[in-house]
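Right after this note come the structures.
Look at the two complexes coming up: chain A is in both, with chain B in one and chain C in the other.
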Partner chain A sequence: MAIAATGTSSWRITIVSAIILVILAILPQIVDPYQTVLLTYGLIMAIAALGFNLLLGYTGLLSFGHSAYFGTGAYAVAFIARDLGAHSMELYIVGGMLGTLVVAAIFGFVCVRHTRIFFGILTLALSQVLWSLAFKFFWVTGGTDGIRVPYTNLTLVGGLVDFKGAGSFQRFIYAYYYYVLVLFSISTAILWVITHSPFGKALQAIRDNETRARFVGISVRRYRWIAFMISGIFTGLAGILWVPLNGLTTPDILYWPFSGEIVFMTVLGGFRSFTGPIVGAIAFNYLKTYAIASTEYWQLLLGVVLVILVMALPAGIVGTIARLAAKLRRRTK
Partner chain B sequence: MTLLETVNLKKYFGDTHAVDDVNLTIAEGEFISVVGPNGAGKTSLCNVISALLVPDSGRIIFRGSDVTHSSVIERVKAGIARSFQLVNLFDDLTAFDNVALAIFSRDGKIRNMAALADHDRAVAVEADTILEQFGLASKRNEIARDLAQGERKLLDVALAYALRPKLLFLDEPTSGVSTRDKDKIMDTIASVVRAEGITAAIIEHDMDVVFKYSNRIVVMHQGAILAEGTPDAIRNNDQVAMILLGSSGPDAFSRKE
Partner chain C sequence: MTILVIQILNSFFYAAVLFLIAAGLSLIYGVMRIVNLAHGALYALGAYVSAWIVGSAVGHAVEGNLGLAGMLLLLPLGAIAIAAVGALIEPTLLRPLYRRPEEYHLLVTFGLLMILEDVMKFVFGRTPLSAGAIMDRMGSIPVGRLMYPTYNLFVVAVGLAAAIGLWAFIYRTKFGVILRATSQDRRMAAALGINVSRVYVQAFAIGCFMAGLGGAVVVPAQAAVLGLGIEVLILAFVVVVIGGLGSLQGALVGALIVSFVRTAGIQFFPEIELAVLYLIAAAVLLVRPTGLFGRA
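Our next item is the complex of A and B:
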């Protein structure tokens, strides 16, 4: 079990992550640009799912409203670009994360007063409030047309990289991939440390036994709130990174089915392991893309996959692989 | 010196007088047992003292200050820790992590999210020492869920003990384990508690255990304290024997087997 493996020596984890990072860095040189774009989307969603899983896998709270934080990040970027006329990605990130923090702090404050289904319904309801705002206040949000954030105006790394002139799309794809890869790596590292810190252990304690957590002196509600805010911020970061790549933000990303997708990808990868959401997000992104490309009834296809998944692989991709590996190791012993 | 004092403590559930006007005093360094038939209010008393239940009236004085209205966490910080009759553990964490969590919390390190828990040497050494004291060293890396019932009971007590409380309340530490394990568990608990000079109060059904380990016995009946005294005094108290065993007379407790 992945949670049991926390004692694994850190040098082994460092080496494995380094190898994966090198592979991810080389990949765009081998595959065609379309695959690079897909992978960029996958890495962005991986950040969202990792943030989401801090609540589900580590704190034991199932949020059905994480579209709220993804959407807040995305719309914050769109507002900064349109209304302030700023084009620096770093500014977007700072502004978007602050915006997400405020929303997550307020929503979280309300939601952590409840657990289980009540928590889930509250997160869902609050995210729908944001969705209806984005949908109805079209003179601010553009309604269903959304707000365009064209990559051609974007600058990365404090203005050092821009995308003006001929062949800029190609340059954008590659530069943006590496930009996202760096932020993905930083986010993963930060969340890995958080989940393995005393604070992260406290969250797991709360997940396992709320009463006992109080009886060892942990303020359950406050810790849940902090976890909620951290979770929201990372999902918000994903929304921020998503906008320039998509070129547009629409109310769809605030709508509840998008929250469902975040839940789906996390469960697909396995919420009981740290790396599950990463694998799940990337896999889901490919699955959805090819489902849409191959059939009109792609939602049906995804539905069938979800049913099979829940029944056959309740531990998700990573959880199942970990179990098989453990079995194999026992046999060879 | 008085460590804990309850003044006219009451907790009613409808018509049931779970805790009825209880004036209990526990002195520092004591090992007391609270006994009584099922439904006598022992666990309720423990719940009120540990803040799991709010009393209807009365006061709880701990180390000279009124803690009647303080929260669970405030009472834990003040030095009241407890274990549970029905084992309450962090089931998906290892035995080591269970104990380490209590230490992190006690030392105020639990807020830290910028360092790896496994890299704290001081906490690791202390957690391993505690596991050793409770005979759980070999189970260090096992998930709490996978431990045997007796081991889970011990881990539950170890968790409370790791908080280094002034007062340790143990709610039936030997219930649900085999007779053979009972002695082992009680020997372990008694030796650890004595070595650290911790004041302990246990709720127990097994009178052999009670007579063997406690300096003082408090007998509860229908929510009230019926009698209290040394093991010898309680052993020779006919009224107590009548309530606990249904028979009295000399040597009632030793005849009952």
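Our next item is the complex of A and C:
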């Protein structure tokens, strides 16, 4: 769905996204709470994948270290909750995003000096620095046990919503779903604007032809660095939102196979389209949950899906559907 | 003093294993420009297969008849099995992707990694597998006032022999010339009548053999467990990044640097021992992206 933001089609996009949003808003009333939780996880990962795709799809840089930003967001929340004793979600978001921004700014400054495979290895190596620190400094991070962030202490919207008393888990699930949905919508809107702004077009120019972009006067490295930071912040936001829902943060989300999962879901949806990562993240989340539930060998299943995807459907779910739709349209004409 | 000698010997042991893995990774990248994320999993598979062969009925029969020498001869069978796996993987999974951007190489080898991890879980189960019998039978030699396992020295010798063997193979044989020609210019090599597809299969199989050999020599000293390959892959990356992707000397020097830093790290700064290694790799990439011995 690589729709150009021209005058006529921007109306259509607004209408379509409004319909999808209404459906997403009604869904928890229809499906059971478990599905609502799954969808919340899916939306959170969608924010991470959208942020990641600003680098892969729009700037042409494959990061194999985005676990670093997801994990920084998550650990920042855990530290704020445990060491500062704060329970406001908004405070978590502000603190976590600041933390992620610092890490992404430093790592990005280093990483954008390279492209292609060296960029990938550099992001990977730096993310593993954080992993090994979280793993080894167990008196700070709890080591493999991680840090617990129980939802019962959490307050949303500046303390207006809390989860004390009976039936609090049910209330938490629904309230948190809508909370995530709002942040997901805002993030999607912001990233949409960014990718369709002159800045976003400049990134695509860099992706398609670095030399020409430089000739036009784009300061390639600075643009890449800014894209890196934006990408990291959104992936960090996903990590922040993920912690209270998961109730725990462990070094696993900093380990490099988690970065691989973020790449996986983005490619599953299709990294050449804006909506691909959203579809991919939600689909991947369902796929993984059901694979884990149905077989001990879920990794095998996911691995086979990934290999088939790369071999047969490199355009991902959204790209393939778009191509089929285009074919159908041509036939009906 | 004795402790120092033992730490140095340990570093050489560790460097030998790391060199075997990293040399395979580097060879594959050097020839076909593929970063193989499944390389660590192939190393782990080599460890499992070797331990399984040594521990099986065949292993016991060989042990009864030929003793220690026979058991040592069984170990490389694991490496040969991994080479065979590699010869299957290259034409089926990698060959269709050479024309595609390298993102897809990373993804397909990542998928392969997930598959191999679960295949190992399925075939060998969750209990660690070891070939400790070999290490026990080799005994130990006195180092100062302490005893040091002879097997570790054997591994150092294997690493050294592999380094010399690989060097001679690449720089002193006709196949080596073909390999280097293909890695420098694939199209030109094809135009000169070299069967590039076959060279690729062979190169990938040799790379996998090295990974499998690394697993095979490590398993008498250290049991094969699930997740073994995921951890080691990043260390192998650090080695090839420091030494230079695609360089054999680089893999050797990188392995020595990494294992000595690691031994010192475990001794003096255990908390940041891994972080320091990753930071060294990042620093080398920044200052000299082609590594100490790589070419652009």
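Criterion: the second predicted complex is superposed on the first by the 326 of 333 C-alpha atoms of A that agree within 3 Å, B and C clash if a C-alpha of one lies under 4 Å from a C-alpha of the other, contacts with A are read in each partner's own complex, and residues count from 1 in each chain.
Assume a contact is a pair of C-beta atoms (placed from the backbone, for glycine too) under 8 Å apart; a residue touches a chain by one contact, two chains touch by 3 or more.
Computed from a predicted structure; not experimentally measured.
Aligning the two structures on chain A places chain B and chain C next to each other without any clash. Looking at the shared chain after the overlay, A:Leu98 reaches neither chain B nor chain C.
Residue contacts after overlaying the shared chain place A:Ile292 against neither chain B nor chain C.
Comparing chain C and chain B on the residues of chain A they touch gives the larger count to C. By the touch criterion defined above, A:Val182 lies against neither chain B nor chain C after alignment on the C-alpha atoms of chain A. Across the overlaid pair of complexes, the angle with its corner at the CA centre of chain A and arms to chain B and chain C is 80°, in steps of 10. Once chain A of one complex is fitted onto chain A of the other, the partner contacts of A:Val22 are absent, as it touches neither chain B nor chain C.
Superposing the two structures on chain A brings chain B to within 15 Å of chain C, judged by their nearest Cα atoms. When the two complexes are superposed on chain A, none of the residues of chain A touches both chain B and chain C.
Chain B contributes residues 50, 52, 72-73, 76-77, 81-82, 84, 88-94, 97, 100-102, 104-106, 109-118, 120, 141, 143, 159-160, 163 to its touches with chain A in the complex. Within the complex, the chain C residues that touch chain A are 35, 37, 93, 96-97, 100, 102-104, 106-108, 110-119, 121-122, 230, 234, 237-238, 241, 245, 270-275, 278-279, 281-282, 285-286, 289.
Residues 1, 3-4, 6-7, 10, 193-194, 196-202, 204-205, 207-209, 211-219 of chain A are the ones touching chain B in the complex. Against chain C, the residues of chain A that register as touching in their complex are 56, 62, 64, 110, 113-114, 116-118, 120-122, 124-126, 128-129, 132-133, 135-137, 255-257, 260, 263-264, 267, 296-300, 302-307, 309-311, 314.
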